[in-house]
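What follows is chain A paired twice: with chain B in the first complex and chain C in the second.
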Partner chain A sequence: MSTATQRLILRMADDELILAHRHSEWTGMGPLLEEDIAFSSIAQDKLGHAQALYQILHDQFEAPVPDAQAFGRNEATFTCCQFVELPNGEYDFSLVRHFLFDTAEYLRYGMLGKSTVEPLAKLARKVHGELKYHLYHAQTWIIQLSSQGTEESKARMQTALNEAWPYALGMFDPKDDDAALSADGVFPGEQALEDAWRASVADICAKATLVVPTDTAAMLGGRKGFHTEYLQPMLDEMTEVYRIDPSAEW
Partner chain B sequence: MTRTDVLEALTHVMDPEIPTLSLVDMGVITGVTVAEDGSVRVTMTPTFVGCPAIDVMRSEAEAAVRAIGVEKVTVEVNFDEPWTTNRLTEHGRQMLLKHGLAPPEPFDTTVELHLDVLNNTACPYCGSRNTTMKSPFGPTLCRSLHYCNACQQAFEGFKPV
Partner chain C sequence: MATIISLDPRVTRLSIEADAPAEQVITPEMDQFQTYEVFHQPKSGAHHVHVGSVHAPTPELALLLAKEQYARRGQTHNLWVVSTAHVITMSSGDADVFETTPEKKYRDVAAYMVRNKVDAFKKAQNTQGEEHQS
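Here is the complex of A and B:
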């Protein structure tokens, strides 16, 4: 039986791992060299964050080693939200997802810097500084392609934002553990995070002259192991080498 | 064997991605203790959590301490003291320049870092501050890409974290 803290760390780690892999799919494919490098770097950072989180689960909660957690699990045991598993689509969607996810991530690690779970707090304080660059990158491009862009680029950003929105709301699922997590000083909770995220996103959207989409039903299920049709094919590819010989030393 | 001997040995271990910079100059060594039985414990912290060079640095640090005759060495990587670019030594900053990398500006860690500082990074070739940041991401996680409008040279910087 897992605790609220374990569930929190696992869903954070799974989100980071899966989005890292999606971002890495831009390596060699970016629309311009700097963006190719940016998405590859962000992917590498996220993979590092995932590894450090799996390491905490291993050290503190007797979970298997990080590689086994990342590559040795089946789809139904992944607790990532559906937002991170969606295909990259075109660059506009990847950029909008990066903006919405990293805004939440930056705020999340900011809150976790004060967590009573000491290893998590230490990691969060470190990661927070790195994420500044992710956020800066995302915000610069969102504004550049919207208020400072062309009619076409702005329309594409707005469409991508509208499509991403219901999935983005799924990042803040579940809220059932909020009371327990905040009572123990582990984390203020997904609701508190969502509130801070909405304010921050609205601020950048105003600068970008983008309209914050109207809420529709959040796309949930990922946290309980119900995923989109896109996750399994991605896992097949991501774990292919590991599955050939799980005990191989690199 | 003293703490100073161990630190001296570590000044010969270079960052595999920036070979002019030692682990000590980079500021990734956060602690060295020598126990009464002569065993040595070194703690270090990565520049970035996802830094792929950390395992190499750890094993090279261990080998360097063994090479000066220490039999029991443990090198532990942790985040107890998070790395920031303010941990770079003055010598380290000079070595970055020598490698053609703009050193990071020191900053006040008690206030939120404004990334606008990246816009006027001094050019490592001509020293001009008439420069533009092209991208906050470069060939390794710790570097950014810039262009010098004065000498019309593209360059990389070590970004402040």
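Here is the complex of A and C:
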């Protein structure tokens, strides 16, 4: 039986791992050399966060070693939200997802800096600077391609934002653990995070002259192991080498 | 129509026709973003040293991209980016103005034989001291 804290750390780790892999699919194919390197570097950072979170689960909650958690699990046991599994599509969608996810990630780790779970608070404070850069990267591109861009680039950003929105709302699922997490001083909760996220996203959208989409039903299910058709093929590809020899050392 | 099968599954997924005639893409001249020169400062107070350049549409994006190109490894305190167009330089045809520089040894500290004079002075001082003692 897992605790609210374990569930929180696992869903954070799974989100980071899956999005890191999606981002890394741009490596070598980015829109310009400098951006290819920057985006790959961001992907690598996210993988590092996932690794650190799986390590906390291993050290504090008797979970297997990080590699086994990342590469040795079935699709149904992954608790990532569906948002991070979606294929990259074109660069507009990847950038919008990067912006929406990293805004939440930056705020989440900011809140966790004061967590009573000491290893989590320590990690949150350690990665604060790199998350700040990720957010700065995302916001600068969003504004550049919208209010400073061409008619086509702005239309593409708005379309990608509209498509991403219901999936993005799924990042703040579930809220059932909010009361327990907040009572123990672990984390103020997904609802508090979503509120802060909406304010921050609205602020950047205003600067980018983008329209914040109207809410439609959030795409849920990922946290309970119900995933889109895109996750399994991605896991097959991601775990291919590991499955050949799980005990191999690198 | 056969498509390209690559060891990289991402390439395979693109379904590129294997025997399609190679299209010649002619891009307009200067079909690139402008460049910015990047200066890296390893710690507070140190000189900013030129480390290379980046392509970017705006100064803000140049700084953003320079961070990952030139400051993702090793210690960094700050970065400067400067539009390449703002760099004033000599024309390569004028390199002859520097030609005699290596010969001007009298502009080097090493060219001055001060050591002999210092040694002579010290010796004189010591001799004087000995005279007082005796």
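Keep this in mind: the second predicted complex is superposed on the first by the 250 of 250 C-alpha atoms of A that agree within 3 Å, B and C clash if a C-alpha of one lies under 4 Å from a C-alpha of the other, contacts with A are read in each partner's own complex, and residues count from 1 in each chain.
Everything below uses one rule, namely that a contact is a pair of C-beta atoms (placed from the backbone, for glycine too) under 8 Å apart; a residue touches a chain by one contact, two chains touch by 3 or more.
These numbers come from a predicted model, not from an experiment.
Student: Does the chain A-based superposition show chain B and chain C clashing or fitting?
Tutor: clash
Student: Which partner does A:Lys132 contact after superposing on A: first (chain B), second (chain C), both, neither?
Tutor: In the superposed model, A:Lys132 contacts chain B only, not chain C.
Student: Going by the contact rule set out at the top, does A:Leu123 touch chain B (first), chain C (second), both, or neither?
Tutor: first
Student: On the A-aligned overlay, A:Ile37 touches which partner chain: chain B = first, chain C = second, or both, or neither?
Tutor: Touch status of A:Ile37: both partners.
Student: Which holds for A:Gln144: it touches chain B only (first), chain C only (second), both, or neither?
Tutor: second
Student: If we overlay the two complexes on their shared chain A, which of chain B and chain C does A:Glu25 touch? Say first, second, both or neither.
Tutor: second
Student: In the overlay, answer first, second, both or neither for which of chain B and chain C A:Gly48 touches.
Tutor: first
Student: Look at A:Glu237 in the shared chain and tell me whether it touches chain B only, chain C only, both, or neither; answer first, second, both or neither.
Tutor: Second partner only.
Student: Identify which of chain B and chain C touches the larger number of residues of chain A.
Tutor: B
Student: Can you pull the chain A residues that chain B and chain C both touch?
Tutor: Touching chain B in the first complex and chain C in the second, residues 34, 37-38, 41, 133, 136-137 of chain A appear in both lists.
Student: Considering the complex alone, what residue numbers of chain C touch chain A?
Tutor: Interface residues on the chain C side: 9-10, 33, 54-58, 60-61, 64-65, 67-69, 72.
Student: Once bound in the complex, which stretches of chain A touch chain C?
Tutor: Touch residues, chain A against chain C: 25, 29, 32-35, 37-38, 41, 133, 136-137, 140-141, 144, 148, 237.
Student: Report the residues of chain A in contact with chain B in the complex, numbered from low to high.
Tutor: Within the complex, chain A contacts chain B at residues 34, 37-38, 40-42, 44-49, 51-52, 119, 122-123, 125-127, 129-130, 132-133, 136-137.
Student: Help me check something: in the complex, which residues belonging to chain B touch chain A?
Tutor: Counting only chain B, the residues touching chain A are 45, 48-52, 78-80, 82-84, 113, 115, 134-139, 141, 145, 159, 161.
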